[in-house]
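Next, two complexes with chain A in common: one pairs it with chain B, the other with chain C.
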Partner chain A sequence: MEMRTAFHKRLREIQNDILAMGSMVEKAIMRSIEALKNRDLEMAHRIIAEDQKINEKRFDIEEKCIQLIATQQPMASDLRSIICILNIITELERIGDYAEGIAKIVIMIGDEPPLKPLIDVPRMAEKTASMLHRSLEAFVTCDTETARKVVSEDNEVDALYDQVFRELISFMVEDPKTITRATRLIWVAHNLERSADRVTNICERVVYFVTGKMEEIGASKY
Partner chain B sequence: MPGSSIIEVKGLNMWYGNFQALRNISLTIPRHQVTAVIGPSGCGKSTFLRCFNRMNDLIPGARVAGQVLFDGQDIYAPGVDPTEIRSRVGMVFQKPNPFPKSIFDNVAFGLRINGYQGNLAEAVESSLRRAALWDEVKDLLHKSALALSGGQQQRLCIARAIAIEPAVILMDEPCSALDPVATLKIEDLMRSLAEDYTIIIVTHNMQQAARVSDTTAFMTMEEDRAGIVVEYGPTSELFANPKDKRTEDYITGRFG
Partner chain C sequence: MEGIVLALLILLTLASISITLLLLRRASATREGLRALTEMARRAVDTPADSSARMAPGGKVEELAEALKLWEAKLKSITGDLAEEREKLAAILSTIGAGVLLVNKDSEVTMLNQTAERLFGVSGESALGRPFISLARDHEMDSIVRRCLETNEKQVGAVQVAGSRRYLELAATPLSHGALVLVQDLTNVRRLEKMRRDFIGNISHELRTPIASLKALVETLQDGAIADKDVAQDFLHRMHVETDKLAQMASELSELSRIESGDSPLKLKPLDVTEVARRVVERLRPQAERAQLELILDMPANLPPVMGDEDRVEQVLVNVIHNAIKFTPPKGKITISSLVEDDHVLISVSDTGIGIPADDLPRIFERFYKVDQARSGGGTGLGLAIAKHIVQAHGGRIWAESEEGKGTTVAFSLPTAKS
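For the complex of A and B:
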């Protein structure tokens, strides 16, 4: 017999909030790369403005968690779930900042001519967004297998980052006039690489929530 | 020495007439620690607690099988005097039950019965100090114990229990009749008493068990309503990451 329906309902609401926040962040990443591809400064400004909403959402969720801890004395998996949520929102907020960072780089680039067609950077963004999406799904479905799989996919993002890095270095070596533009693209790729690492942290927290064990699952190359 | 075990329960079964109240309980109680027993109403927590000082002997039809070893000696072995056991395993009850006597006489009661030869006033003061009550009652020692507040009465009962220097103190819901501040005082007291005594507490209040104990036993009842110990281990482990689903369901309120 369920004894704490009101409490567990509030906990489920927070889990839904996490999904909502996750989708805001996912969108921010994808849009930042759209803005980069299309030189869409207006969208870049919008991403920066919307990061504020992501930050607010994070505080909103954190506040709800604090209230549940203070008033409901959660135990066992309920407690681990709330601790996990507090960690996840920190990671999400930071990934949001990386997307905002990319938007700022887009504004810096302005209408400079493109250095090269963007192929690997959008791939990194897609991969990262997909990892993020599945990490949160793993959380709400208590699925450690998916969480571990997502962590293992971080290698692919790292490999793409390697490739982008090497390619851009070769541009710079060939023609020093490209250094500014190439460096900016490296920053973009770097932000995506960091975002994927943050997703692996989320996955580690999912494993903790489900199993009660804290472990580092996969060490990123970067 | 701390860290070792003081009581070992081996295959304990207990019946009230034909009704089996406890089934197959085996565990060891660590010395100088606080051990909490939690579980739903009617699961046999208090019955289990009363096995540690043979209080169930007083109930007609009560019968015990298995062993309760106190420092290696079975307290249910033939020839063991239950009164002797109770002087080494003291008890504090749900409702404070001071004698209708002065504060001093309450604490001195057990000492006098046992023919205490030392300085009675010093022994009373020492017990009241250890029960964190001395400063509040030192000028009222010859006033009636019944004039004290509920929380003070409960600490007086603790002072009375420790005056005869037991090794173990059993507490059966010691705070359920107290307000939150008095409750926190008793909890604080339990922590300091654990330096010198072994404490076993039965509580309905999970948060209290989590706050005050080093080790927790979760009990529940089987189909025939016999009480069993489902999970027993370090308190931090049991409340953060219980091993058994029945424990998880109980402490998260998914089963009442």
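For the complex of A and C:
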């Protein structure tokens, strides 16, 4: 009994760490787009520096998980939850890298004049951040319904990506001088699209952790 | 809680009485013990031993019972006071504008008030016992609370909430078994601060432009241009235009502050707003034609009269339409239409202009606010701010809808005159 309580206390601490890491990644996404909108190079540099902290957090959680496996030898659903955590932090770390990638693009763009007002790209970011937020809520509350719903919302991000892609291609066709700037914006949109896909992976892990069944929920377009 | 205390107390009382009785029956030598117990009970309620008025006539046992009764009464009043204090505290916590939370050493929430529930979007029952991070879902806020628990020192910090425009300020104060966390919503304060900063920045920009050109004109005149009569004439004319601009800005600013402070009362009377609009459209038509724009008045003649100050309502229409003319490219259209809604008449001015980004939309009614700081459009930047204050003084509402590249609609409502 004592062993179990100690295990679950430690597990709960790790869950809190995941929520903190999730918040770091969520903010990195939103701030990268803020930086893009405002041509805020200082913020872009800060995002890049802070990605280091996200990576450290990931290793910190991984270390805690390994210790927990070594000292408590968890079985069945307890073991599953730790494996699930190890997968989630990998996805989170990756999404953090996508946000860092956007920050690097912001620095590349520098103070070039904007190609067009940003409308759909911020929408993609908001949607992705919101999906990420709820996927972790689903994880800590073992809520497979929310997890499945979040996966289904990936279509909306894909649709926005299509729209941004088409629009930017039309810019390039009309005026080849816009090719560099348009391509960079496509990279930004692509990073967001990938991030949302990683969120659906987290959701699949949540479903696996709760039901014990590995399944792919809804195939993404990209 | 009080129930348990009382029950325990009564049990204790009964137990001590029965023990005392037992002792009494056994031997008279226990009288010493009885006296001691009586003393103890008296001390507990601060009743002096020599208070003969409270002495029971029968003997020592009655005396003890009497003292215990007093004890019970005192405890009852203490628990009563406690309940009252708790009620007061609950009332304070539920009405206070700041979010208040208590967390234990493990950063788990043990208490939160309604404001905190609202700020974090949780309900009290489900929040209790949960870790603070799972409520706040923000690592920066969590680290403020954690630092407080670790260092046992007060920690303060402002945080922009993930995924929103909200700013919260947290103050975590260490307690013996955890921490008290105070959360304040700074979103509005931040917005006002920004408005004030922008206002000062804008007004100095607006003043600097005409003053700079006046200075340049004066200096050129001083450097000898005054000798050339034609040039001097031209310069004086341009100086006149610049001083007019400054004078207009000064008078509009003071007018705005008059309307805002309510110092110039409205002269309200039933008004045919279609007639007012027709007059304004005729007045602005030459200007619209110069800009190659079509002005369309699409308002029925039989609108219910509104309750308004004629000059002021006319000014609102002039300002809004004038603004539309400024930001609509040639060959565009500006349509003024109306709609009757319950006890209000809605008047809208739609243009086919450049549109306004969604982020700027709520701010265009601020003094000197400009969507594109680089282009000035030639006005004082006060038109829409004045329009807003006039409409609000009438008990109406003004707002804007826009799609970038497609156009903007500014609409306002005025109350209909009660017949």
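Definition applied: the second predicted complex is superposed on the first by the 219 of 222 C-alpha atoms of A that agree within 3 Å, B and C clash if a C-alpha of one lies under 4 Å from a C-alpha of the other, contacts with A are read in each partner's own complex, and residues count from 1 in each chain.
Please note the rule applied: contacts are C-beta pairs under 8 Å (C-beta built on N, C-alpha and C of every residue); 3 or more make two chains touch, one makes a residue touch a chain.
This structure is a prediction, so every number in the text was calculated from the model and none was measured.
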- Query: Clash or fit: chain B and chain C on chain A?
  - Reply: fit
- Query: When the two structures are overlaid on chain A, which partner does A:75 contact: first (chain B), second (chain C), both, or neither?
  - Reply: first
- Message: Applying the document's definition of touch, where does A:35 land relative to chain B and chain C: first, second, both, or neither?
- Response: neither
- Query: Taking C-alpha centres, what angle do chain B and chain C open up at chain A, rounded to the nearest 10 degrees?
  - Reply: 120
- chain A contact check, chain B vs chain C, more residues touched by chain C
- Item | Which superposed partner A:106 touches (first chain B, second chain C, both, neither) | neither
- Would you sort A:92 into first (chain B), second (chain C), both or neither based on which partner it touches? neither
- In the superposed arrangement, which partner chain does A:182 touch: chain B (first), chain C (second), both, or neither? neither
- Query: Which partner does A:129 contact after superposing on A: first (chain B), second (chain C), both, neither?
  - Reply: second
- Query: Counting only touches as set out at the top, which of chain B and chain C does A:212 meet: first, second, both, neither?
  - Reply: first
- chain B versus chain C - smallest C-alpha distance in the overlay, whole Å: 19
- Along chain A, where are the residues that touch chain B in the complex? 1-4, 7-8, 73-80, 212
- Contacting residues of chain C [partner chain A, same complex]: 107, 131, 133-134, 137-140, 142-143, 162-163, 357-358, 404
- Task: Give every residue of chain A touching chain C within the complex, in rising order.
- Result: 12, 15-16, 19-24, 26-27, 30, 117, 119, 126, 129-130, 133, 136-137, 140
- The chain B residues in contact with chain A across the complex are 206-207, 210, 239-242, 247-248, 251-256
